[in-house]
Amino acid sequence: MPTASLTEYLFISGILFSIGLAGVIIRRNIIVIFMCLELMLAAASLTLVAFSRANEVKGLPDYDGQMFVFFVITVAAAEVAVGLAIIVALYRARQTVNTKDLTSLQG
Amino acid sequence: MHPSLLLILPLVSAVVIHFFLQQKRASIAALVGTLVTAATLGLSLMLLGSENSTTLFNWIQVGDFKIDIGLKLDQLSTGMMIVVSGIGLLVHVFSLGYMKDDEAKARYFGNLSLFMFSMTGIVLASNFIMMFIFWELVGLSSYLLIGHWYQKDSAADAAKKAFLSNRVGDFGFLIGILMIWGISGSVVFDEMSLTAGTPFLAAAVLLVFCGAIGKSAQLPLHVWLPDAMEGPTPVSALIHAATMVAAGVYMMARFFYSVGIDVIPECSAMTIAWIGGITSLFAALMATQQDDIKKILAYSTLSQLGYMVMAVGLVDPNAGMFHLYTHAWFKALLFLGSGAVIYACHHEQNIWKMGGLLKKMPVTGWTFIIGTLCLTAVPGTSGFFSKEGILHAAHDKSHFLFGIAVVVAALTTFYMFRLIFIAFLGKAKNKHAEHAKEVPLIMGVPLILLAVMALFSPFLGSLIPAVDGFHPHIGIEMNLVTGCSIGAFILGLAGAIVLYKEKESDPLAGNAVMKVFRNKFYFDEFYAKLIKVFQDLVAAVVHFLDEFVINGLVVGGLTRLAQGTGNIFRAKMQTGSLQNYAFLFGAGIILVIYLTVFL
Amino acid sequence: MPTPLFYLFAVIMLAGGIGIVAMRNPVASAFSMIVSFIGLAALFVGLNAYFVGILQILVYTGAVMVLFLFIIMLLDLKKEEDRETKTPTLLAGIIIPLLLVLQLVAVFQTSDLGDFKPITKDSLIAAEAQLPNDIPADSQIRKELKQGSLPDVNLIGQKLFTEYNFPLQVIGILLLVATVGCVSLSKKLIPKA
Amino acid sequence: MLLALLLIIPLAASIAILAGAPARLTTLGAAALNLILGLFAACCPDCAGTISWLVLESPAIHFSLGLDGMSAVMLVLSVIVTLAAALSGSCPEGREKLWYSSILLIAAGAIGAFISTDLFFFYAFHELALIPTFLMIGILGRGGNERKAVAWKTTVYLAFGSIVLLAGIILAGTQLESFSFEHLAAVENHQNAIALLLIIGFGTLVSLFPFHSWAAPAYASAPAPIAMLHAGVLKKFGLYGLLRVGLAVAPEGMQHWLNLLLVLLLCNIIWVGFVTINQKNLASMLGNSSVMHMGYIFLAIAAAIASGGNIFTADGGLTLAASAAVLLMFAHGISIALSFSLADRIEAKTGTLEMNKLGGLAKTAPKLCFLFGLVAMASIGLPGLANFAGEIMVFLSGFEGWTSDQELGPVQIATIIAIWGVVMSAVYMLRAFRNTFQGPLEAKCENVTDLSLLEKAPAILLSLVLLAVGLYPNVLLNLLK
């Protein structure tokens, strides 16, 4: 049975990343934007794992790529925790999570 | 006795007076200054006739290049030292009386010592840089002494004017020194001799002469000297009549003999002679219509300096130096005499408010008349012999200059006797003059001594500052030159008698030409305009350009450009909307990928 | 991973992704994300990265998404308010990602990355011989490789605690900092007296 | 180690002040100690020793300190002015920490720049000194809210110069074996570009026309010690750098731009001279005059360029032009510091520096008048004071090598025009002296007390140096051998 090629994996991850980016641009709910960011991170992880599989070192997958993914997941978890805490604090202060209303950084 | 004491003593005196003998010990200061000057006179007399050059110390040394502070002793410098220290001593003594009650007496004597120091430096300088150093220092002491009564606006302005006029001259002087250094490879007088026809020498000579124009107040930089009369009168006698203003002539003589009298290019020499001649004529004309006794003498000094410069320009510096020597004594006498008059008349300087002083102040009056006779070159007086030399030189070279010199001689007689008739003869025209009393002995003695010197200086041949065994021609022989000289005297005297004997006011006051003379040919007004346009206006325009073009338009423009660009980005790009940022971010990524991958 | 399976999971993953963006209700978005991540985890497993795949499900679907849902509930967020997405925003949101994909396609067209080398029993046994000497003979890694199976977790663990030991410690501190940060952020601001 | 000590003392003292040590006392102690050590090091370069620690392998950067004739003179200048600056000015109540630690930091930066023998640290130390300058002008400067704008302008200007300079240094440094001064040599490529970058870069720091408009407002606004240190010491960094680095790495490039440099320096003298004449405020006038006098030092550098760019003679001494530049740098540093110190006293006593509101101060404050007259005369170039010795040497170096069988070259013509500047400086200095000290007594000057001993101290220190160097310039010139 034919197996999927590296190109296909990369293509899929590229599309996933684009979807995430589209979400960040289109959506206004800051929590959803946050989810889309996670999606983009996941797409990057997929690329890393695909390359780690493709790049064999002495007959085994290159685990350095997977290490990276491991760390990405860890950092992302921490990021989500802090980010959500910030969102909660923001909501407490502003009573909104809509980015249209959050433009105090305007120059 | 080391000759360097001549420099050290007055310097020490100046420092001691300025730092340790202020107000409360002013009398000690005056005494210190006078004694030091007496000591320098003694030293100068002992040094007479010695000929050598010594190096005191090495001032600047870089690699092979060096500038030394050294002393050059020869007849020119030792003779000049006698003039400087001799008149200096008498002026010091006179000042003891004249400045007795001045509140800044210590400062006055300190500055006089400073002047003695600097003037000695000029006279004994062994190289041009050293001479320039002391040249500037006499400028400073002159500045300080003219501005002695600095609270008077006129004195402060006159001091400034003197300094600045000298500076303008020094501009050329310094360039001249640099060129001479380039041409001859040395600034030391003993190593400077040149061969005729050296390129740039004519320019260099004229540039060096610029220094003399400034210091000896030649046209067109003469304007400071009459204003310098704002200083105390003894200062005018010492600095602005006898010694410092003559330094220009001394310097030119030293310079000419160092490079060699034969190599001086004709064109520059004649330029110098003409400047001297024109100065003497213009100054004599201006003197005829002055009312201030000191101003008359100041213009007369200008005129006589013109004579000396003319002699230098006629390549006969010895004649100029001889006239410098005789002139120093009788002009100092005249100035101190006028000082005595001013002192007696309670600081009244207008001659039309004096009159009849000869009877009330016989010593002053008669010595003043002796000075006048010398100045007007009555046959047998010192002025006659020295002027004769110059007239001969002029007669040999240029009849036109000779003519000018004779006219000036007539004018000199005219304005000096005008002064005598109005101030010393006739009736007292003012109650100050009415109650004038003879000055005290301390001021009278210097007058008498100076009168003696004025009469007998030509006969003391060893004192005359000159070069190459110069012997003045003493004697009266009837020839064209002598005839013209005597004729000029008679003409001038007659004019003065006709116009001014027993007059209460100036009969020529209304005349339009005389008005031009009275207003000094409008030089001051012209310079004021010139300064207004070429300095103040240009300064204002340049300042405007600097402020608004360079600072405002260029620098400020760039600032505003940066600020404006920043503002555009701030207002248009920094929307605060997350979507916007994400969009731009994405677009940026695409651009970066495009640039890196596809190009 | 066999091609059909790959496409199945890829479609699941992308559908989930699109769901996140398209759903108006944040809760629905969150659930789409779970779907998407399950597809992703499957793809990881297809790449012989079992541990990462499991981690993806455990951490994201298990912990992170629960956190998201919890916050959505906490803040009581309903559907996005009735403000319509403006057309320019929508266009920008489509064009930019599209361009990105197009660039990706263009890159793929000019480069041939080739296929994965298959991991078979024989290749694993061969790989055992090439292992560095500092891995002892009786270790689990060698045992399993000799048997012809991939000791994924052991290999990751071996790498993590040797080569990546220092970053691991740093990550630990990062998590600690994040914890403290969360606590301090969620504290109510007490106005100054 | 002595050299390191010279750096450590002011740095440690400023940290101690920030930590709460008695500000004035610590500063004076550190400055006095530095003065003694600095003079000792300058007189005995062998005792000073050298330091060289490799900081970066490639490109090779060393933290290296060393002392030769030129840097010894600059070191002496720095330590003298530092002590005078610490004694000058009046610190506002409660701001002692900022005031005194800034003085020490600027001093440390300047000393560091002058004794560094590595391009990188030479540059970095100068930058260090700019930070406290910015803070002091912005926070404690004169002139209301304007001072903030001035502080910004100055800093942006100097940063611009520094960036251009950095570009030049990097362009040159990459072609050199290392950044050490001992490896400075004429580079092979891009000499013209390097020379132009260095002239503009160093020139901006020294307020070379047309990059001069920061200087006068900065000095007019800065507190007295800062103006003294910056105008007196820090500004000389640019000239020192041009002489030391610029001529060494790009002699032909400098030659290429010689005519441009001559025109710019003449603008400095004549153009800025006119600007100075038109000033109505004493502080602005002094600031502008300091800009103007830079022209003379540039003239000496131009003469050094024209004579081939080698500033060292065969026996290790400096050439006439380079000695002239160093001597004039020293003289100007001392005299401008003295004038800012005195101007500050005038303002403190009369409350104004507008010249038309002053007058007759000589009556009420004769000592102040004497000292100010001294520095005015120094600035005019009166013999006996250090500036004259420097200026005459500069002019001589302009004519060095010229003989009567050649035409006048560009440097000679520039020298001739530059001498007119001596007249101009007399015009504005005497005008200022006349308006401030002479004439009838103005209302603001009536109830003025003369300088107290403490106020006199910095002025006396500086004027003694001026006199000593003026009367016997070989004191400094011997250091250069």
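We just call them A, B, C and D in the order they show up, numbering each chain from 1.
Heads up, the rule we're going with is that a residue touches a chain if its C-beta (ideal position, glycine included) is under 8 Å from a C-beta of that chain, and two chains touch if they have at least 3 such contacts.
Chain by chain, the UniProt names read as follows: A = NADH-quinone oxidoreductase subunit K; B = NADH dehydrogenase; C = NADH-quinone oxidoreductase subunit J.
Owing to the predicted nature of the structure, the values given are computational and were not obtained by experimental measurement.
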Comparing centres built from CA atoms, which chain ends up most distant from subunit C?
-> B
Between A-B and A-C, name the chain pair that shares the greater number of C-beta pairs in contact.
-> A-C
Please compute the C-alpha centroid of subunit A, do the same for subunit B, then give the distance between them in whole Å.
-> 91
Distance-wise, how many Å sit between the C-alpha centres of subunit A and subunit C, to the nearest whole number?
-> 8
Per the centroid of Cα atoms for each chain, what is the distance between subunit A and subunit D, given in Å?
-> 57
Roughly how many whole angstrom separate the Cα centroids of subunit B and subunit D?
-> 35
So which bits of subunit A are touching at least two other chains?
-> 21, 25-26, 28, 100
Where subunit C touches two or more other chains at once, by residue number | 89, 92-93, 96-97, 100
Going by residue number, subunit B touches two or more other chains at 579, 583, 586
Under the touch definition given earlier, write down the residues of subunit A that touch subunit C in their complex.
-> 1-12, 14-23, 25-29, 31-32, 34-36, 38-39, 42, 45-46, 49-50, 52-54, 56, 58-61, 63-64, 66-67, 69-71, 73-82, 84-89, 91-92, 97-98, 100
Interface with subunit D, subunit B side, in the complex: residues 57-63, 65, 129, 132-134, 136-137, 140, 147, 150-151, 153, 156-157, 159-160, 163-164, 167-168, 170-171, 174-175, 178-179, 181-183, 185, 198-201, 535-536, 538-540, 542-543, 546, 550-551, 554-555, 559
Residues of subunit B that touch subunit C when the two form their complex = 579, 583, 586-587, 589-590, 593-594, 597-598
How about subunit C: which of its residues touch subunit A in the complex?
-> 1-3, 6-7, 10, 13-14, 17-18, 20-21, 26, 29-30, 33, 36-37, 40, 43-44, 46-49, 51-52, 55-56, 59-60, 63-64, 67-68, 71-72, 74-75, 77, 80-81, 83, 85, 89-90, 92-94, 96-98, 100-101, 104-105, 108, 113-119, 123-124, 126-127, 130-131, 150, 155-156, 159-160, 163-164, 167, 171, 174-175, 178-179, 181-182, 185-186, 188
Contact set on subunit B toward subunit A in their complex | 569-571, 573-579, 582-583, 586
